[in-house]
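Below are two complexes that have subunit A in common, paired first with subunit B and then with subunit C.
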Partner chain A sequence: MADGPGTRAAYRKLVAAQVRSQTQYRASFLMDLIGSTVLTLIDVVAVFVLFSVNGSLGGFGGREVLLMVGIASFAFPLADLAVGNVEWLPFYVRTGLFDAVLVRPLSSLGQLLAMDFAPRRIGRFVQGLVIYLIALVVAPVDWHAGTAVLAVLAPLAAAVFFGSLFVAGATVAFWWIESGEIAFAFTYGGKDFSTYPATVFGGFFRRLFAYGLGFAFVAYLPALALLGRPDPLGVPTWLHWCSPLVALIAAGLAALFWRTGIRHYRSTGS
Partner chain B sequence: MIIQTSGLRKDFTVRRKVGRLRRERHVVSAVDGVDLAVAEGELLGYIGPNGAGKSTTLKMLTGVLTPSGGEVSVCGLAPVPQRTTLARRIGVVFGQRSQLWWDLPLRESFALLRHVYRVPAGDHAARLNRCRALLDLDEFLDTPVRQLSLGQRMRGELTAALLHGPKVLFLDEPTIGLDVLSKQAVRSFLGELDARGDTTIVLTTHDLADIEKLCRRLVVIDHGRVVHDGTLSDLQAAYRSKRRIVADLDAPWPGGTVAGATVERVEADGLRVTLTLDGATAGEVVARLAGEVALRDLSVLEPEIEDVIARLYRAAVPG
Partner chain C sequence: MATAMASARTVTVLARAGFRRFATYRQATVAGAFTNTVFGFVRCYVLLSLADAGGRVAGYDRAQLATFVFAGQGMIAVVNYWGAAELADRVRTGDVVADLLRPLDLMVGHLATDLGRAGFAMLTRFVVPIVAGLLAFDLYVPAHLVTYVLFAVSLLLAVLVCSVCRYLVNLSAFWLLDIRGVRQLWVVASGAGSGLSFPLPLLPGWLVTGLWLCTPFPALMQAPLDVLVERGGTGHAGVLVAGQLAWLLIVVALARLVQRRALRRLVIQGG
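And then the complex of A and B:
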């Protein structure tokens, strides 16, 4: 994305316009907001029910697992709020509306995110933030300067990681328009995977999701770093701190994939 | 040359079903080696039958599609790699793809575009005022775009494409589906823009009136290749379109021939005869005709462009 104050102002105006258009349909906007709040409340209740039934998960105590849940459930709605609307891409590609995006002097991805910004997702984001703050207070975090920085960076890195997945998943639409469900398997599936300690999963599945696709870096490894615990599965301690780096790599790959995708955009007739 | 292409090509892979599960891959060249040079200030009509590759060419010139081969430069830039820089220097109206915000009043779309293109407020206001006057925008400036008629929306699209003062304006079927009045408004607006000479215009159209009224130069493509590049009268000469004389007579046509012309049709119980000029001038034929029959009324018909284009398309079909 190109920088500069003018460009930032342009994106800000695009977001504001989208919010204005959405609020035109006031009833539907309100229903969305209520619906998402109820869903999040149910999520929170589910987490507490899980812990009241099961005191320990994969060798981790409830308060430790709550930290992993906290990172994942704060990061995911944050990513969803910022880039989740990239899921509209197949619609733009199918209708050829992406043409109109490409003839404007702004980044195509940036425009898509700004134009389809969904303010109703703020509800889930706020709920996730609350869960994470509670987790930080409740969990036995080994507080020092390093963990303080990581406590801020870890959910941001996880959000960047999820965001990269959203973008990469949507990009498939440039080749194959009916690709939505595949992307969801990785985004929502990955979110559910990251909510639990990697130790609860079995061999091949764990290796694939945790290290092959990098989901261990979302919540599990940074949570170990925050708690000052070694990994029962033997991942070296220095790697526990690497989630921001992994997130940057994921973002780079997603950007590269997006650029390749655009070159394969076929538009539609006439 | 503000637009220059050489050997420009775009291939698409299409999968065709053969049998229950098998599919065959075919490579189709939508644009197959187009050479084009457009000078600054020109108005170029880019025409051809459906599926000839008009829109695909336009999309490669605007950076929407990546060419499969060949060279292309617009305003001295490579459209895809320098897409965002180029976007500031060109205006685009794709008939079917709105540049406007569906749920917002037209006025707000224009204000947003000022920020998207970073246009100084003064320039923006001056250009908007000109368009408001020429395209009669005032009566629907505060209407949400989704409630505009197609003609109103197209006038909005034209304005939106010009607010950043582009050097080149690309229009893909700007008059398609419009009512007569809106067509005329769009046409005379483009004529006026062309007359000012500082905007290069490339226009695809099916509308023959657009071609006759606006396009001094025509590039005709078919099956992805340029089959004609020149003026409308070149085109008519090349495809031997002929002028016609329609004569109303006092007494039924006696039959026979007229030197330098062919009798094409006899109607109204022989009281109306249509002749096609074959080498002779209209004056000569009228004189010969008057020597043989009593003329009541006469008219000379210029060759119809429909006819020219139809001949051209037939000629262009590879054998």
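And then the complex of A and C:
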């Protein structure tokens, strides 16, 4: 799709209209902003409540766990802010609004993202960024050119990874309309999983989530690379640096899945 | 007498309608149970990794922890922390006026429908994570028969306290119209303060006591789960249930008060 000035203006107007409408009820918007910001802070506090029990988690110390928490809690809100609105797809499909989306001369995914842009999510994003920056200062990072590049790329790659999951999860709604919560298992559940060192988990569950679905590449393996630590579970060191590659693969698969979903879409007729 | 019987029948019919309504969302039920189960695995492994040499965390042994996590995941949909803001939407659109014309109290109607919904969740959403937990972990099986009875009572009280709390959140729509903010605060406070994010005994003692005495949140999940895993024995379980009952009375009284104010405000606005 041509990305001319007209297209950009249209997106800008869609987003601006959303921001205006959502800030109409000011007291409610403020509480929502504070609430959703505190909500993510609670997640971080929960990790530290657990950590405080023995002063370690899965064989890692507090500063090392903080780095994993930092990557995940910066990347997830970034993905949520950018593409989290795609969660509304089942609503568009059910009500037939998706027909209107398809006939407009803009990308359907782009419209969905712009039409439900949620400014309150900015609070979480800023908070995640602060946590990540603190983690980078506090954690014993083995600084050199490679880790400096990875420190920037790792959270972005993780955000792309989560974003792909949001899109792929929503796409399921083209076949299975009430699937919303299944996607939560992999988006929010995956975020929960990647906040902790992979050594915490065990059995087939770890193999499935860490390597099968790739959640070890979100925060755990990049954090090991930044710390210059070998993996107690034996993943070779060169793989610790591969999270951007994994994110690109995930994005490619999600895009492919979305296109298949769009082709499959038959209007509800309502 | 006749009116009492008539309203009892209305409540039963509403509860049954609530049950049937949620029973029609079959795909959503499967999807939700699946998600609860995945979260159960994550939480369970994390908590078990904290166990010391004796296999204990904050007074729970491994089996008790696993039961706490999986029964807790099953309870999320039964207690229904994140229920839809239906009443608030009706206040915003003005449809609530039609509800008020009915010969049934607004709050009783809400509670009856919600009990039916909880009944359906109990048969589906509660069972799936527990079965999955049983297959993958050693779960704690309560030793005393009376525990099962107490757990049933405790769970019912948790459903009622949560339902009234959500009703209160919805009532704020009479003042705010858009309740997203209040809902968000409720989600945060109820999640962190009830034992949903982690068992409360992991927190410092003074904080746990404060939560029990000053907020209804531990009554939503920590209480029924402690009853279920027999933490502190039967006597302690009795105390927990009594505490839940006290909180139910408090939130009901509060809800009646707020509802009276809210309806007066609606009349002043001109409906």
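Here is the rule we go by: the second predicted complex is superposed on the first by the 254 of 270 C-alpha atoms of A that agree within 3 Å, B and C clash if a C-alpha of one lies under 4 Å from a C-alpha of the other, contacts with A are read in each partner's own complex, and residues count from 1 in each chain.
Criterion: a residue touches a chain if its C-beta (ideal position, glycine included) is under 8 Å from a C-beta of that chain, and two chains touch if they have at least 3 such contacts.
Predicted model, so just to flag it, every value in this text is computed and none were measured.
K.L.:
Please tell me, clash or fit, for subunit B and subunit C sharing subunit A in the overlay.
P.N.:
fit
K.L.:
Would you sort A:S73 into first (subunit B), second (subunit C), both or neither based on which partner it touches?
P.N.:
In the superposition, A:S73 touches no partner, neither subunit B nor subunit C.
K.L.:
After lining up the shared chain so the two structures overlap, which partner does A:Q127 touch, if you call subunit B first and subunit C second: first, second, both or neither?
P.N.:
The answer is neither, since A:Q127 touches no partner chain.
K.L.:
By residue count, is subunit A touched more by subunit B or by subunit C?
P.N.:
Result: the larger residue contact count on subunit A belongs to C.
K.L.:
Could you look at A:F193 and tell me whether it touches subunit B, subunit C, both or neither (first, second, both, neither)?
P.N.:
second
K.L.:
Tell me the contact category for A:L14 with respect to subunit B and subunit C: first, second, both or neither.
P.N.:
First partner only, subunit B.
K.L.:
With the two structures laid over each other on chain A, which partner does A:I42 touch: subunit B (first), subunit C (second), both, or neither?
P.N.:
Touch status of A:I42: second partner only.
K.L.:
Answer with first, second, both or neither: which of subunit B and subunit C does A:S28 touch in the superposed model?
P.N.:
After superposition on chain A, A:S28 lies in contact with subunit C alone.
K.L.:
Of the two partner chains, subunit B (first) and subunit C (second), which one does A:N85 touch, if any: first, second, both, or neither?
P.N.:
In the superposition, A:N85 touches no partner, neither subunit B nor subunit C.
K.L.:
Applying the touch criterion given at the start, work out whether A:L97 contacts subunit B, subunit C, both or neither, answering first, second, both or neither.
P.N.:
In the superposition, A:L97 contacts subunit B only.
K.L.:
Look at the superposition and give the distance in whole angstrom between the closest pair of CA atoms, one from subunit B and one from subunit C.
P.N.:
In the combined three-chain model, subunit B comes within 12 Å of subunit C at the C-alpha level.
K.L.:
So subunit A touches subunit B in one structure and subunit C in the other; where do those two contact lists coincide?
P.N.:
Of subunit A, residues 24 contact subunit B in one complex and subunit C in the other.
K.L.:
In the complex of these two chains, what residues of subunit A are touching subunit C?
P.N.:
Residues of subunit A touching subunit C: 24-25, 27-36, 38-39, 42-43, 45-46, 49-50, 52-54, 57-58, 176-182, 184-186, 189, 192-193, 196, 199-203, 205-206.
K.L.:
In their shared complex, at which residues does subunit C touch subunit A?
P.N.:
25-28, 31-32, 34-35, 37-39, 41-43, 45-47, 49-50, 52, 57-58, 136, 176-185, 187-188, 191-192, 197-198, 202-203
K.L.:
Going by the contact rule at the top, pick out the subunit A residues touching subunit B in the complex.
P.N.:
2, 6-7, 9-10, 13-14, 17, 20-21, 24, 96-97, 99-100, 102-107, 262-267, 269-270
K.L.:
Which stretch or stretches of subunit B touch subunit A in the complex?
P.N.:
Within the complex, subunit B touches subunit A at residues 12, 50-51, 55-56, 59, 62-66, 80, 83-85, 87-88, 90, 92, 94-99, 101-104, 108, 112, 115-118, 144, 172-173.
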